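Two complexes come next, and they have one chain in common, subunit A, joined by subunit B in the first and subunit C in the second.
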Partner chain A sequence: MKKVVFVLLVLGLVLSACGAPAAAPPQGDSGSALRVGWLGFPDTLNPAYAFLTESYTMFDLVYSTLTTEAPSGEYVGLLAETWSVSEDGLVWTFNLRPNIKWHNGEALTAEQVAWNINAFITNSDGWVTNYSYIIGFVEARALDERTLEIELEYPISNMEFRVAFLYIVYPKDFEGFTTPEDLQNFANFSPIGTGPFKISTLDKDRRVIILDANPDYFDGRAKLGQLVYQTFDNSDALIQALKVGDVDFAAEVPTSAFKTVETFEGVTAVSISGRSLSELILNSAPDDHDPAPNRNPAITDPAVRLAIATAINKQDLVDVVLQGQGVPGVGIIPPTLGGGFWFNSNLTDVQFSLDEANRILEEAGYVMGTDGVRAKDDLRLEFRLQFPSDSSNYPRAADMIANWLNQVGIKATPAAVDPDSLVVATNPNADYDLVIWGWGSDPDPDFMLSVMTSEQYEEGGWSDSGYSNPAYDELFAQQQMTLDENERQKIVWEMQEMLFNDRPYIVLWYDDVLQAYRSDRFTGFIEYPTGIDAFQSLMNVEPVQ
Partner chain B sequence: MSRRDYLLRKFLFSLLTIFVVLVINFMLFRVLPGDPVRSVIGRNVRISAEMQASLREQFGLDKPVFPDQFFATLQQWAGGNLGVSWSLRQPVAEVLMSKLGNTLLLIGLGQVLSIVFGVALGLFAGWKRKTSFDVGSLTFSLIAWATPTFWLGIILLAAGSTWLGLPTGGIVSPQNVGKPLYTVLPDLARHLVLPTLTMTILYLGEYMLIMRSSILEVLSEDYILTAKAKGMSHWQVLWRHGLKNAMLPIVTMIALNLGFTVSGAIYIETVFSYDGLGKLFHTALVRQDYPLLQGAFLLLAVSVIVANMLADILYTTLDPRVKAN
Partner chain C sequence: MNESWLLFKRSLSDFWRIFRRNRMGMTGAVLVLAAVMVAVIAPALSPYTPATVIRDEAGRGLTFAPPSVHGPLGTDDAGRDVWTQLVYGARISLTVGFMAGFIAMFVGSLLGILAGYFGGWLDNLLMRVTDVLLVIPDLPLMLVLVATLRQMELKVSPLTVLILVIGLLYWTSTARLVRSQVLSIKERQFVARARAIGAGHFHIIRKHILPQIMPLIVANTVLILSTAILIESGLAFLGLGDPTQPSWGTMLNFAFDRNAISNGAWWFYLPPGLAIVWVSLGCVLLGNVLEEMLNPRLMGHHLEGEARVVKTEAGRG
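And now, the complex of A and B:
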């Protein structure tokens, strides 16, 4: 009998729920809560050990950095008001803004910022995610309450960018840990920062984060009262939520849904040039690499590489795979970096022409066989064309590329491969011919360029092509230490040209960031290369009057 | 053999099974291709090769799998410690427990409803064989059973959120997070309607079909004829002699389902953004988070084994023949 009562109770509950009133927007400053739907949740909120982009979205809202990137690609002060570098480039002095307060009301001091930077330097095994940004730092010192000095081992050309990635945390929260493991096991779900928003609720089991505007923010209070982040596990549900008004902002719109979202009433869909690229990787590992490269040696022939590049219609890829939401790729540096400053605009891509590709191969001595595959002696133009299985765009792209290559006598066999296996296949095993993959670039060109250096082709390094060129490595080191921006630009452009001609990558496209919001409720979004949900943009968002 | 000895033997055998599962899992995850450190960090460009080496050392991955890693893990388990997840940096037991509650709520509700409706439908369909009710419910069950979870979920999500104003995802509305669940029951129920409905429809067919064939078999037995001859009413025959005997295969079915459903209904969780164990298992696998994977599979193994043990015990009560043996 008890069971029957229980079942009836549950049934009653379920049925009554259907009639309950729709949920009201969360109460904050009346009506000024922006409800964001996104497709992830931060792994931790500890800047020492966070890998998911969602964590960094939170860091940007809660913490501050010395500098930050403006929409133009220039670096402007955030915690720092002004800064200067010594003649020899070895000492940087940052003057902090007045009246910066932590979320608990305490004033921020240069001493605390120095503590942060010194912790990153001395305990780099603990602060693993900051390591790349403090290489070459010697020590930080507070000269007074508001003046900070950072001493370097050698001049660093992208110092303003580097410090824009170092989140300044509240020292007392992070002081007590003795081992790197202890420090990293600290989830930091109630962070104290100096940023424009502070976390009021974080529920990792319901996957909801609520942030309140920080009334004491040094750059003025955000126009919104609250930000509410809710996690969706699939993009169809997120888009549906936006459509029915369960959320006000969709942080990610899938390419396939973009055109549909554009037709929603009261919704504005935006497409912004981002910082990601997708490329075709051509096995370029040196012959003496250990283990020995396992590939069709024909892939190292410059004529074959040029023919492949000529046989790919990048505009078609953008139109079909990205539904037009992107631009054809040329060099390894996306055109958005530094507002276009770092993108070598002198590079002209090879023209797509199947006839020309056929001609190149013919001239190089690859004769068309009866089976439609070209060969030179016993070198048949037959390649594996692999791509990571977690991508929704690459299967289509692989099919299109294989089809074009087929028309010029190159047989490419597309295959989806689990991403972990693909990492190992590319680096260190060099066991592949062609791979389609992509990158999300840093705003500074340094990282993307580093991917092609010889020293990155080792276990744990980021090189996947195996490209190795001493002249390139030399230029890479040079650009890292060239303080004059225009000088550095010349080097960066030259490096792009080198890569373009040697073709370890054929860059296929630069894809757009696709987002959408309820424009019947909110306005004031600003476009940043990371999206219209950059913290500076969210500061400016307000309800429609 | 007394009943106590029987249960004791079952229990000891279960413990042994769990241990064997643990050891096999330990080996299984380690022969997966790829590098766990690379999987944990994803393509996060902030982590240099040096720092990956540092993490590899911290995780003990720089040592050989056998004997070092194996005995270190055994020692940890022996102390009742499942370790700390590499990707979430929280104790594995804590992570599993927090998701287990969510999963049990959804699965439990879905299973109870599908069992109740499935068994009832099957029973009446079998009883009223070859009537339009039988044909109708049989058709419905077959379709429901064959429907892809993801498709049904998405359709219900679109329809429910558009026409009934039901939520598009989550367990409670954002303004109700942090509050104990019993204080926000109406909101919770609103969020549970669609996933529970999906789950009920999907499992109902299975229970209905089994119950129907089981009851048909029982109804053709001689003792049913005897019972009818004694002048018992249809209902008495069905209730007292039919149902109890026809329940045996259903109990096995339920036990099997309950054991495996702890692994979560990953499709339902994904469609309705419901944060349960299924998604967690998936994340653990994708990120090659060994401690979390091992903990998750231990939980799965334990629940399958416990469910089977419960079914065995229930059998001794339901079926006198099992007791006799």
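And now, the complex of A and C:
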């Protein structure tokens, strides 16, 4: 759901490049401890202001939400047992399960859940990561110990999905903060939740997190006794650790190593069609944006955009960059959303052809110069091609794209950029030409579509392309309020087509989730769209007898 | 041609006579020259360009193909011929190394001569600047500079940025070395005599000092070359090279990023590594021998005539 923003400065790169393999994780009750190796570490365990995917992995284990996604993509109750909505669609009533306890032994009350939701609504500057899920909420009320009512401003089409992203925290830990900054600076490294695991050790220096199964979990105790998360400095070290059995689970297998991991003895490698996409962002900020966009104005020319799209061989990108573990991209909604329901299958992608791209540019008046770069009057087709420095896929993709573009007279200069700087360069500075980046989509199309609305193009908003189209914004508001799924689908498809034709993004590919585990030691993993390490899957994992 | 330069030429031929008998020096020279040759004739050594993707019958990129399946050195993660990348990479690595090395030599020599010859406040100023640059760790400084400069909208290519940053930061040791030599030479009698008969500063530097320190500068340049190539590889390995013009460092960067090690693709990461070792070893051998042979402490003034050669030969045993 969140753009993965790893805070990895150039100097950090040096350290990780020379870093020694990570220390072996501490041994717990090894019979029932699953040792997970991953490449990141949570920046915070405070759901108010978390950006790294690792933080969300921890939230899922420690906290609970009212509803949750089933492997099928449907929403089922978690804290909520049943729910109903009023005739006019403005009041939702959730009945909580009995016997839900916090990690400290106290019972959870509807009052506490209401406190959470009201905090998200009234202090939305503080709880920024929840903001897009509570738009349209008016107030939450506890009717009794186990009944919660949420009042809405207008009917919301995806309510069950929305509440599945609101982690319910222990109010006493969060009540004391007076300003949004105080709230966001709280790292919450010993969280109290209601989830299936509780954190017993969090060692930031050794980058180890140990979680114990919560014996009082309302849905029954997890079959595992412990989860041990160990951060690795580089993916080769992680893969070797999996191979020799120092870890039992690799939470992220790099695409370029997946085929090798598949051949490891005693290891099962899993590839799941995920919800991520990678795209080429074309600077689409309006000319009157403040600050004024700093870009080569040729990037806004529809002919140039079409030529760029035509000169990119997406199948080659999938074959090489993803080593076949993904599919070429078309629209902004990945084909997995709602089992394909939201994906506009009428869109046919531009056919790759360097000749055609050359022809388009020729026709648009861009004449090939003696140095191999096309120009129209003084406007040379020279673009910066930037990508975040924390990815192992994007350098290769940038290299390939730059080579294709060079062959049609477009000079693209690839450069890796620190992700934090790239966030500012794209939004609000509009200081870029082309950027390769990616998104992890929500299960509902709402989030990906929201990224392209003009109201998101302001500091702290999600838009990076700067796309601004009143007709699109209008449709976005409409789809949020359309309760009939088929009606909503029509709007969502139309929005995808709009984006496809205007090309603020050229979607490059939808990548698979690649994970691997020691199948000679553990069994019971369940495939979820986010991977086989969804908390429901981990609860079901047990040692091989 | 004036007398000093004639003498310089003669000492060069003397030098060659001794040098060619030095096995280490010759090895170094051969290593470096071989690499330069490969870079020059790169297109003749491969039927492909670095960007050509080798494809299988189905038209898909042949990725991570071992040497047994394709070419002398297999393919990389993008299905490109590793041998081609290696020989073309020599061009980039050596160009950046040589250009940066020469810039460093030029700046270092100029500042060293100015500081040493004129002394006083100028010496003080230049040497304090040198001190500052010497205490700042090179690699992190260069990383930050290259990364920052590349993010600004400069109308120069990434390679030029690399060359300038390495060249303009790596002159400090040359400057110190040259300065100390100039300090000692300018006190010698023949300089005093030249000054006494009215020679100007420029004349003295050009005719009396430069010929004396030239060999030192040459030896030092060769050593800086190897450092410049290593730094270029280091920066490119960290992703600061130009991916569209692969150097050996860029190849290593991709090999590391794309898990060549886990894939067992030794043909992807060993060749560029060995190529870097090849050139740096050549430069270091050559530079060390040159430095040893041309050490000014073993060298008399040209007015002392043939004595120098005898001494040097004796010194080398």
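Everything that follows uses one rule, which is that the second predicted complex is superposed on the first by the 456 of 545 C-alpha atoms of A that agree within 3 Å, B and C clash if a C-alpha of one lies under 4 Å from a C-alpha of the other, contacts with A are read in each partner's own complex, and residues count from 1 in each chain.
Please note the rule applied: contacts are C-beta pairs under 8 Å (C-beta built on N, C-alpha and C of every residue); 3 or more make two chains touch, one makes a residue touch a chain.
For clarity, every value in this text was computed on a predicted model and none was experimentally measured.
Peer 1: After the superposition on A, what does A:P293 contact: first (subunit B), second (subunit C), both or neither?
Peer 2: After superposition on chain A, A:P293 lies in contact with neither partner.
Peer 1: In the superposed arrangement, which partner chain does A:P504 touch: subunit B (first), subunit C (second), both, or neither?
Peer 2: A:P504 contacts neither subunit B nor subunit C.
Peer 1: Please tell me which partner, subunit B or subunit C, touches more residues of subunit A.
Peer 2: Higher number of touched subunit A residues: B.
Peer 1: In the overlaid three-chain picture, which partner chain does A:P328 touch, first (subunit B) or second (subunit C), both, or neither?
Peer 2: neither
Peer 1: Could you say whether A:D236 touches subunit B, subunit C, both of them, or neither, answering first, second, both or neither?
Peer 2: Both subunit B and subunit C are touched by A:D236.
Peer 1: Which holds for A:D418: it touches subunit B only (first), subunit C only (second), both, or neither?
Peer 2: A:D418 contacts both subunit B and subunit C.
Peer 1: Let me test your reading of the model: by the given contact rule, A:R384 touches which partner, first (subunit B), second (subunit C), both or neither?
Peer 2: A:R384 sits against subunit C, while subunit B stays out of touch.
Peer 1: Should A:S392 be classified as contacting the first partner (subunit B), the second (subunit C), both, or neither?
Peer 2: The answer is second: A:S392 touches subunit C but not subunit B.
Peer 1: Using the superposition described at the top, list the residues of subunit A that contact subunit B and also contact subunit C.
Peer 2: 10-11, 13-14, 17, 234, 236, 240, 418, 421
Peer 1: List the residues on subunit A that touch subunit C in their complex, please.
Peer 2: Those residues of subunit A that touch subunit C are 10-11, 13-14, 17, 234-236, 239-240, 254, 256-257, 259-261, 294, 316, 319-320, 323, 384, 389, 392, 395-396, 398-400, 402-403, 406, 413-418, 421.
Peer 1: Sort out for me which residues of subunit B touch subunit A in the complex.
Peer 2: Listed in rising order, the residues of subunit B that touch subunit A are 32-35, 37-55, 58, 84, 87-90, 98-99, 101-102, 109, 112-113, 116, 154, 157-158, 161-162, 164-175, 177-178, 185-187, 189-190, 192-193, 196, 269-275, 279, 286, 288.
Peer 1: Okay, in this complex, where on subunit A does subunit B touch?
Peer 2: Where subunit A meets subunit B, its residues are 7, 10-11, 13-14, 16-18, 20, 22-27, 35, 43-44, 46, 49, 51-52, 124-125, 128-133, 165, 180-181, 184-187, 201, 203-208, 210, 228, 230-234, 236-238, 240-241, 243-244, 246, 390, 418-421, 423-424, 439-440, 442, 447, 456, 458-462.
Peer 1: Can you tell me which positions in subunit C touch subunit A when the two form their complex?
Peer 2: Per the stated touch rule, the residues are 51, 53, 60-61, 63, 77-79, 139-140, 143-144, 147, 150-151, 153, 157-158, 237-240, 242-244, 253-254, 256-259, 261-264.
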